[in-house]
Amino acid sequence: MTKLVLDIKHLEKKFGELKATDDLSLDLKAGEIHAVIGPNGAGKSTLIKQICGELTPDSGSVEFLGEDVTNLDVAQRANLGLGRTFQISSLIMEYSALRNVMLAVQSVQGSSYRFFQAIARDYKQRDAAMECLTQVGLQDRANICAAQLSHGERRQLEIAVVLALKPKAFLLDEPMAGMGPEGSKRLTEFLDTLRHQSPILMVEHDMDAVFSLADRISVLVYGKIIMTGSVEQVRNDPLVREAYLGEQ
Amino acid sequence: MTLTLFFEQLLNGIQFGMMLFLMSAGLTLVFGVMGLINLAHGVLYMVGAFACALVAGITGSFWLGLVASLIVAAMAGALIEVGVIRRLYKRDHLDQVLATYALILIFSEATRWLFGSFPLYLDVPDILAQPISLFGLLDYSSYRLFIIFVGIIVAIGLYLLITKTRLGMRIRAGESDREMIAALGVDIRTLYTLVFALGAALAGIAGALLGAVQSVEVGMGGPVLILAFVVIVIGGIGSIKGAFIGALLVGVVDTMGRFLLPYLMTFLFSPETAANVGGALSSIAIYILMAGILIVKPKGLIKGAGS
Amino acid sequence: MMLSVNREQKLNISFIALLFILPAVALSMDEPFYITLMTKVVILAMAGVGLNLALGLGGLISFGHAAFFGIGGYAAGILATHYMNDELLFSAFGYEYFGTDNMLAIWFAAMFVGAIAAIIIGYFSLRTKGVYFIMITLAFAQMIYYFAIAWPTYGGEDGLSIYVRNNLFDLNTLDPIIFYGICLSLLLLVTFLVSTLRNSHFGSALQAARQNEQRLASVGIRPFGIQLTAFVISAMATALAGALFADLNRFVSPDMLSWHTSGEIMIFVILGGVGRLFGPILGAAMFIVFEYYLGGITEHWGLFLGIALLAVVLFARGGIVGVIAGEVKHD
Amino acid sequence: MKKIALAMALGLSVTALSAAPVKVGMITTLTGGGASLGIDIRDGFMLAVKQANNPDLSVVVEDDARKPPLAVQIADKMIQREKVDILTGIVWSNLAMAVVPSAVAQGKFYLSPNAGPSALAGKRCHENYFNVAWQNDNLHEAMGSYATKTGYSKPYILAPNYPAGKDALTGFKRLFKGKLAGETYTKLGQKDYAAEIAQIRASGADSIYFFLPGGMGISFMKQYTQSGVRLPIMGPAFSFDQGILKAVGKAALGVKNSSQWNKDLDNAANQAFVKSFSSEYGRLPSLYASQGFDTANLILSAMKTADVKDTDAFRAALNKADFNSVRGDFKFAANQHPIQNIYVREVIEENGVLTNKVISTALENHSDVYGAKCKL
């Protein structure tokens, strides 16, 4: 049996009367891409937030690399190696693309409490960041302010930032959202190579991407996982077709 | 210490709470709808008190003065909104703080120019000047009971306004989504002017009502402003209900603190030291309350808009 | 290497030059009062530079920095008073301390006490955001303010007189120009440190925390620690300014702790330009010059000061530096 | 507001005495809370200056807005730039403590027209510091003595929680012989006194003594009247003086308060002062105006016999207090604080205007207790 990287057990989260997460269990194995799909309002964002630590579940637990991280905050989980991207790009808008990535490198370096060394002179940090930008193809846009990047470029930058963290698992919240067909295709190819680095748990709407990338797919409806299986199993499940795919 | 005294103090606390509610209702309304930090709220309070004192002095009628305070403060509010505040909604809190601080300087100094530095005379109307007996146990100021009454009326009025009227619907819409109401075709500029004027009128009437039991002078708005902020922060900024609860809480804690702390200290210290220590503690009681509540509930007791 | 100098840097350089030239002119014209006035500007500017670190770089709108200003002042006042009266301040492990009139020791004490206060206030306040943060910092400052008024040992509302200015090496600190020199050196030092900090790794994380806390946390840097550190450093600079202010006036009073003082320090920062290195210095200079000259012209100077401030907010966005040097540039 | 008030008498070319001109710097509160006090001091002072018409005396006035650091800045300016010889004008003890020690240390004279903190009367007294009003405790001591004489056995006393408030209650207790029904320190600037009034009612007090200057006193009196508690009230003059009585209203009628001056004191100087002040400014003079007036006359009297540049001679001339004080007999004690009578006044209505009438003398030729600690 492959070792579990992420193991989510019996997660519950209520907002008032609404059960946004309902006895949800989910795992991520080494080397795989696990996609979570579901209609709007199924509770995908709430799930992501509980995995990365922005929300605390009412009950249940999240284990990462065998360690219970349920009570850890976002930064602590990130330090353990949980690299997350945002559905709507969440960047440091006044910083250049390079500075955005450098911040992630800085976190890995553990140098955030260096008060006197000028960041402009930290060539190690700069080079490491540049490498990540090159990986996603943004090397020519390194000095452009994040606010001035196009939507697609911001998505790429999100990925570059998370690469710089050298995470032990990727947590991608709709990485394809808002990308053109060309961009989606390139990103799909890129993510395919990424799985060898670390496993990926992704929430995604783009079915083409999901079906071409995922080793396993979980279907989330009203806060519950109604099934988990291979691409084929999910494609052919009548329940899924009715609850989700039937809509399209 | 008798039970009667204890209840009288509790009543005093509630009464003080109502005063605080009157002071802070307008502030929290303006913050809730427009997301504006209005340091000039205390100035509008002063404007109301001066208008009331002036008109009451000329006509001899406190009630006419009260009406005048409402009108003048609302007009001053509308003037400020159209002239200055309107340009600040999209700015950050810092610009708002600086601009409304500037308004404090301008209004205070202009008022002094017009009225001079000596405090003005304003007394309660004759009909409310005499104390009345409560349950045959104690004499209580009828004017203070009147303030409790006005506080409740204002609370109910605001509740009805916000939940039952068209204007209230727009205000609620504005609280939850500022772009949306513009999309709905509501004239947002007029709405904001209206809300600001309403907030100002509430401040003005509070100034007139409290001016009659306190002193009407330039600078009277400063301490009020800080108190009102404490109240709305405890209650949850933008929530009228929160302001009501916060005001009662602050009123009771402050009054009971002033009353009980020096008393409790007599068990620990000599009478003179007790008066000193108790006095010192009671003057910071409400700030301790506020810090305590914010540490436990960082967004105040009631979830308000714009927070 | 070519040094490219942008407009903001030109402005800063010319302003530093003015800080040196003007007192020299005042000295040559035998107008010591103007030196005193400039000393006040320099000291208040330092309080502003301190606040600017938290407010401008960190986005922490503290409405309670008067607490640190006043704490610094009282640290100086208390140490000096005990020294003068030869009264025991504290004794520990058989060592008895009677205060000091050595400025270096006083500065250190002011910053130390300011830092302790900032750790406590910051630890609790940083759990809140936005307007709540503004108000909780105000609440803490008000607690200290009322405490200082009511606490009789060090004068309560009457404040504490120092009578003689404290000493630094063998300098005649009572000579206005020498005291100005001391204050200016410290201001330039503090400003240089803040500038270094701004460009450091820490500064990068701090400014990121202002723009997007969520992002900072998600790359594994805890905003809380970064912000608390910035808050404490900011408070230390403001406390140092407070200690100097006490020495300037030879007097400390709870007035230094009042919310008006917090508001004024904040106004220096906004007036000059939030987050600009020299913003608070220009802001403080403008404010004092305005207050002084208007005060000399009319009894109703508050009215005109108000109008001037309003004009700056409405028509000069980004403060004075913003108007002269344009928008902030990040690489 | 630099008002060079006196640049007059240019026509006079010959002066009998060739003494150096005297420049007075007045730092007082003209804006913000309590501005009316500063305005009265200034107006009283300037009236005397105008009447004396002495071309050798010039005055600069500036507003301290009741802020200690601003007062210090103005003092620095007046000493360093205006090169004044004498400073005066400060209303508040805390501002006086900020300005006076360093001003007198720099060899300037300071004449206090209002504040009299105990430190400056005792341990920190200075040969260049003269108090022309009273030591802070004086009026409170007078009321303590009055309460004893009147036979009150259980007064309730209250004051704000700050040094002047504590001095006030200490002063009252010093000369009051008997028990207190209660003692309360309120928050400085407090405007609601319901809780305190309830406690007074419950305490079984037979009288009330309070020191609540400015708006605090106005608020207390209004609320007290409405509360239905009917105990005799005593206070120092500050809460019942001319400038504030109008705002307190009829609630103040009958209140006993202590003052070293009143407009009905029977001496020629006073009658002339009241008359000329009223016609000059269109209002009745207050306690503060009388103190400002006396301060100016004290300076003028010293100028007649001494040159201000000869510090020792001028100091001696001031110490003689050779002028007609509007409060009658006036001289300085060893610590250069007044020895004077302190009267009990009652608030009355006279021609539709609320004002005070002297009803008795509380203390005769009274000085302060701190002088013993002064080494002058």
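As written, the chains take the letters A, B, C and D, and residue 1 is the first residue of each chain.
One rule holds for everything that comes next: a contact is a pair of C-beta atoms (placed from the backbone, for glycine too) under 8 Å apart; a residue touches a chain by one contact, two chains touch by 3 or more.
Bear in mind the structure is a predicted one, so any value in this text is a computation, not a measurement.
S.K.: Does B-D or A-C have more contacting C-beta pairs?
M.R.: Ranking B-D and A-C by C-beta contacts puts B-D first.
S.K.: Need the most distant chain from chain D, centre defined as the mean of C-alpha atoms.
M.R.: A
S.K.: Where the centres are mean C-alpha positions, what is the separation of chain B from chain D, in Å?
M.R.: 35
S.K.: If you average the CA atoms of chain A and of chain D, how many Å lie between those two points?
M.R.: 74
S.K.: For chain A and chain C, what's the span in angstrom between their mean Cα positions?
M.R.: Centre-to-centre distance between chain A and chain C: 43 Å.
S.K.: Rounded to the nearest whole Å, what is the centre-to-centre distance of chain B and chain C, using the mean of the C-alpha atoms as each centre?
M.R.: Once rounded, the distance between the two centres reads 32 Å.
S.K.: Can you list the chain B residues in contact with two or more other chains?
M.R.: 109, 112, 276, 279-280, 283
S.K.: Could you check chain C for residues that touch two or more other chains and list them?
M.R.: In chain C, 146, 149-150, 152, 300-302 touch at least two other chains.
S.K.: For chain A, give me the residues that contact two or more of the other chains.
M.R.: Answer for chain A, listing residues that touch two or more other chains: there are none.
S.K.: Judged by the touch rule stated earlier, which pairs of chains are there in contact?
M.R.: In this structure, the chains touch in these pairs: A-C, B-C, B-D, C-D.
S.K.: Within their complex, state which residues of chain B touch chain D.
M.R.: So the residues of chain B touching chain D come out as 1-2, 4-5, 8-9, 12-13, 15-16, 19, 109, 112, 116-121, 123-124, 128-131, 138-144, 210, 212-220, 223, 255, 258-259, 262, 271-272, 275-276, 278-280, 282-283.
S.K.: Would you pull the chain D residues touching chain B in the complex into a rising list?
M.R.: Contacts found on chain D: 30-33, 35-36, 39, 161, 166, 183-189, 191-192, 194-196, 198-199, 201-202, 214-216, 218-219, 222-223, 225-229, 243-244, 246-249, 251.
S.K.: For a test of understanding, state which residues of chain B touch chain C in their complex under the given definition.
M.R.: Chain B residues touching chain C: 31, 37, 84, 87-88, 91, 93-95, 97-99, 101-106, 108-110, 112-113, 226, 229-230, 233, 237, 276, 279-280, 283-284, 287-288, 290-291, 294-295, 298-300, 307.
S.K.: For the complex, give me every residue of chain C touching chain D.
M.R.: 31-34, 36-37, 40, 146, 149-150, 152, 155-159, 161, 163-164, 176, 245, 249-251, 253, 255-256, 291-292, 295-302
S.K.: Touching chain A in the complex: which residues of chain C?
M.R.: Going through chain C, the ones touching chain A are 196-197, 199-205, 207-208, 211-212, 214-223, 226, 229, 328, 330-331.
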